[in-house]
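The letters A, B, C and D name the chains in turn, as written, and every chain counts its residues from 1.
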Amino acid sequence: MAMVCLSDFEAYAKKYLPKIAWDYFAAGADDCNTRDENILAYKRIHFRPRMLRDVSMMDIRTKILGTEISFPVGIAPTGFHQLAWPDGEKSTARAAKAMNTCYIASTYSTCTLEEISAAAPGGLRWFQLYIHRNRATSQQLVQRAEALGFQALVLTTDVPYTGKRRDDIRNGFCLPPHMKLKNLERDFEVCKMSLLDPSVTWNDIYWLQSLTHLPIIIKGILTKEDAELAVRHGVQGIIVSNHGGRQLDEGPATIDALVEVVEAVRGRVEVYLDGGIRKGSDVLKALALGAKCVFIGRPTLWGLAYKGEEGLRDVLRILQDEFRLSMALAGCARVSEIGRHLVQFSKL
Amino acid sequence: MAMVCLSDFEAYAKKYLPKIAWDYFAAGADDCNTRDENILAYKRIHFRPRMLRDVSMMDIRTKILGTEISFPVGIAPTGFHQLAWPDGEKSTARAAKAMNTCYIASTYSTCTLEEISAAAPGGLRWFQLYIHRNRATSQQLVQRAEALGFQALVLTTDVPYTGKRRDDIRNGFCLPPHMKLKNLERDFEVCKMSLLDPSVTWNDIYWLQSLTHLPIIIKGILTKEDAELAVRHGVQGIIVSNHGGRQLDEGPATIDALVEVVEAVRGRVEVYLDGGIRKGSDVLKALALGAKCVFIGRPTLWGLAYKGEEGLRDVLRILQDEFRLSMALAGCARVSEIGRHLVQFSKL
Amino acid sequence: MAMVCLSDFEAYAKKYLPKIAWDYFAAGADDCNTRDENILAYKRIHFRPRMLRDVSMMDIRTKILGTEISFPVGIAPTGFHQLAWPDGEKSTARAAKAMNTCYIASTYSTCTLEEISAAAPGGLRWFQLYIHRNRATSQQLVQRAEALGFQALVLTTDVPYTGKRRDDIRNGFCLPPHMKLKNLERDFEVCKMSLLDPSVTWNDIYWLQSLTHLPIIIKGILTKEDAELAVRHGVQGIIVSNHGGRQLDEGPATIDALVEVVEAVRGRVEVYLDGGIRKGSDVLKALALGAKCVFIGRPTLWGLAYKGEEGLRDVLRILQDEFRLSMALAGCARVSEIGRHLVQFSKL
Amino acid sequence: MAMVCLSDFEAYAKKYLPKIAWDYFAAGADDCNTRDENILAYKRIHFRPRMLRDVSMMDIRTKILGTEISFPVGIAPTGFHQLAWPDGEKSTARAAKAMNTCYIASTYSTCTLEEISAAAPGGLRWFQLYIHRNRATSQQLVQRAEALGFQALVLTTDVPYTGKRRDDIRNGFCLPPHMKLKNLERDFEVCKMSLLDPSVTWNDIYWLQSLTHLPIIIKGILTKEDAELAVRHGVQGIIVSNHGGRQLDEGPATIDALVEVVEAVRGRVEVYLDGGIRKGSDVLKALALGAKCVFIGRPTLWGLAYKGEEGLRDVLRILQDEFRLSMALAGCARVSEIGRHLVQFSKL
């Protein structure tokens, strides 16, 4: 089976992963409308490609928070990589480093932050966290991440409670006994039920800032109002995200919400996006609409399911090649040439 | 079979109810476009969810006509509950009371109002009525309902004649011989043909007001013009409804008509809605667009078909949980925080 | 098999007619987009139904060119009724008279005008004609029709050449040897090829007027420009028609074109419509948008295919009942109460 | 099997061509959205047909760059005609000449330009070229074409790199050993990899002009900005094209881009289009929106696959008949009567 595009990896993962794991990764909230809209919304955005530009020397590198990455696609935080591949997040860390991009490690990793760091020393990594009812837990995680060289904190804001994912309920989803949420030293059921604090507000950003020198990126923003609040509370970046459609169903597709957020932010902080990226031209559209970089969630897991580190490198390399080709065919030789003029929204 | 969401109950009812009963409950007028649009219209409304609000203490209670209910979902009037479950409307009354919400009992009940009252003493109940050719019939029903403690009258206005439901015609639908329209002491065929008065006009509201001290709620309003007339004629509430798409096909979806009605009413009376509610986030959208409460029709019958009172409680509890979760994920801790800002209409 | 709605007749005809006949009646030009759009366009028009109007005394009669008909649905001109039923147009004439409506007899009838007249003496009939290369042929037809008591002439304008109907070409469609275009005393192949004059222009209206005292109705108008020209050339009526989607594919649906034509005509002549009428509420929509009456083409043939005169009466009676019911449920007791306010175009 | 419309030829080719050849001709980039949109976009354009025009004398001839052709449809440049029919481009040249239209021969022909010229002496032909890394190659091709009587050069601008066509990758597409890119005396793999120069810019137009007296037509323009640049750089014509959806996926359909380009060009040069033409009415729409002529790509190959020269003549004759009929039914007797007023964009 030739692995030509990301949907080849998806088909592989669906075929070879245990059903309960596939269902967990694939799950969306309720009717899965937002999960699917994340993808469909890209089809309503058309390119306005320009011809006869010199695209012989392509440069697809970019910088996020000042650090160069090989192309504007990083690894979004997703949990339980051991469900996809035995080495779990260690493979993810190695692939991200090999491809010279950023890996946002999840609180819900099945490897410790220390294992992740040791697997790929010097790799660019950010740490995704929640604010726990027990603030000491959060504080310790932040300090461990900072000590290990993680270069930013990504605060997830859209999980005051877990979204309703019907298949997980039907399957009675839980982690196999030999996997643990190693960073929390707890099992998943406990975490799901009680660890996260639904009383968190914008003021807790100040508390988080008081714990660390790391830049704070806020993940889960979908409106201009919240984008403005994020900037005012001093965050360094925003990830436009709807948690892959796993939390509130029937919110906006992220590529649609991006427009509103970018407009509100007016360049004051970097804006990123996750959700629905399936080919290189999706990345190009997101950048044209103002994203500095995008992150891939489910495709990461498909790559791992295919061949661990090597599979994820394949996924990233395909996206890289597609992104470079899309840029060239649209008439851009450098990331800085990508702009709003490159796309238009379909009237349909 | 796990009952996770309302469509699980629908699938159960379709599988286990006699075809003629399923068809009757499922029927829409003509091509069933309005029945289906009631549901599809929700997909065109997107949330604008807000993050980092304190949603640790969720309060989903509301009041309708001054009476508190546990959450803004009641039981819409539907006929012939014995077709779904042997105990019929007695089970419905018990479930509604157990869940502390409002049950609008239908004139076309297969239990008497007295049986319904006795089944769940003290429950919040409204009585749905038509105006009959023989006004004495209507008058007696109103007076019985008032005497039994029903707290409002719901006048259905969209049945001057019965809509054309093709499957019912093909099936030759009629009630089984052992079921009766007990409140009318007639059989269904007689009622369908001749009881209702198609000459009713707005002036009959005054006549109805003269019979009772109960508040009058008008059901079946779909336009701003009629909403204005309703307010001017002194009703206490409006239910935006198209009779589940069973009367005039190709009128508006109720969630679309709601916007127009709410705007016309300008807060002078409470506005409710039925039609197409299938998950908790539908309730949230209706409230965001100005409904004070919504009512469920077919899901009531699916719950009864599953396990009578217990099944209907399951349906209500699922909706309650989903509604609470949707509110929290959209950033609202109290019903009073829900507002128009929370939703936007998709351009598609 | 219960015949409940018009699509039941369609299914019957598709099942029992010879394939070549079914294909001929069903045919649309090219990809059949316009044929199908004629129907789909109605789904994008929603009612704004009004409640609590006195609809106890329903009056669905109307007048066309001053003559009363039982309801605003007549028989559109279609050819070759003997392909559907042995008695052909004689059955059609009898059914139309029995139902007290107007029958527009086609030039391409398989019965003579004399036979049609004799079959249903006193029925309201109009005669549809083309302008032939041999003007004497047209002149004689006009004079025969006038002498036989036909009350108007309907000039078809959209067939300078026959549209490309792929299935007819594949089937090698022609009339069976025992059928003739009796009014022309020719066989169909000859007619199709050479009789009609593609050089006809607006000036030929004057010539036609010089031949007859009958009112002239022009059929096939789809634009405001042509509607204005029709009025200026002194016609008495316009039928908005695209020939059932059998001529130019991808022109407008007739219900969409109606709006433009009605607006241009400003009440100076009566405007009718054919194409896509499949249920009573379609009739109501057309009238709400300004049509004085609509005409049914394919449903006529389905009725004939079912049971000849009786089958067509069934079709008309179903439409009549559905139209009356739609009117009542929309809050109109008389045709004169139907107006533009009753409908809105869906944004979708 | 009757060949009635172009999709009959498509079905034939899909059935009888080797899969690898069919896949190559059918291929679109990535998800094939643009390939499919090229066709779907025509469905959103409706005619506004006019009646009672004298269409007895139809004249469908037009001129491109001053040379008369029998109707406004030419042969777009496509490669590897021997994959479809043994005689390859020689058959194409003969069919185009027989039908008195223009054939744009591709650089990637499997016959030499000399063979093509000899096959149909005196036929109207243009030569499609790329700018090669080795400019001498381009120069020699231009001079050969000019010497052989080709009447214009068509510079393809949308292939700085080859688009990603998934099926070709899966199939490992390459030319069979007995076929060669005869004009380049190289095999296809070499060409695909390294011949074309991705550093080409607008200045190279001046270089090309310095080599030849032939008019230069630029192919691949999709935006008003590039249209303006093309005019300013002195080209004689523009072909609005997205390479049949084979290069950048999710750019605009060509019929949509045509509007923008025509508006920008303001008649200063001729504008043509390729992509998605499947029936005569598509041609009429493109002309109504300002194209002087359209070109067919895949239908050319289907015609060749069916019966070589004869098959392609069949395809062209069908398009010719359909175009003439569409014009007549829309009320136009001459190409000069076709205009913007004839079409409207559907709101859907």
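Following the convention adopted for this analysis, a residue touches a chain if its C-beta (ideal position, glycine included) is under 8 Å from a C-beta of that chain, and two chains touch if they have at least 3 such contacts.
These numbers come from a predicted model, not from an experiment.
Chemist: Show me the overlap between the contact partners of chain A and those of chain D.
Modeler: For chain A paired with chain D, there are no chains in contact with each.
Chemist: With touch defined as above, tell me whether chain B and chain C contact each other through largely the same residue numbers, more than half shared, or through different ones.
Modeler: On the two sides of the chain C and chain B interface, the residue numbers are mostly different, under half being shared.
Chemist: Just the number, please: Cα centre separation of chain B and chain D in whole Å.
Modeler: Centres of chain B and chain D (C-alpha means) sit 60 Å apart.
Chemist: Please report how many Å separate the Cα centroid of chain C from that of chain D, as a whole number.
Modeler: The separation of the two C-alpha centroids amounts to 42 Å.
Chemist: Among all residues of chain A, which ones touch two or more of the remaining chains?
Modeler: Those would be 348.
Chemist: For this entry, which pairs of chains touch?
Modeler: Those chain pairs satisfying the definition are A-B, A-D, B-C, C-D.
Chemist: Taking the complex as given, what residues does chain B use to touch chain A?
Modeler: Within the complex, chain B touches chain A at residues 2, 4-5, 42-43, 45-57, 279, 281, 285, 321-322, 325-326, 328-330, 344, 348.
Chemist: Considering the complex alone, what residue numbers of chain B touch chain C?
Modeler: Where chain B meets chain C, its residues are 30-31, 33, 44, 157-158, 160-161, 163-164, 166, 169-170, 197-202, 204-205, 218, 220-223, 225-226, 229, 247-252, 348.
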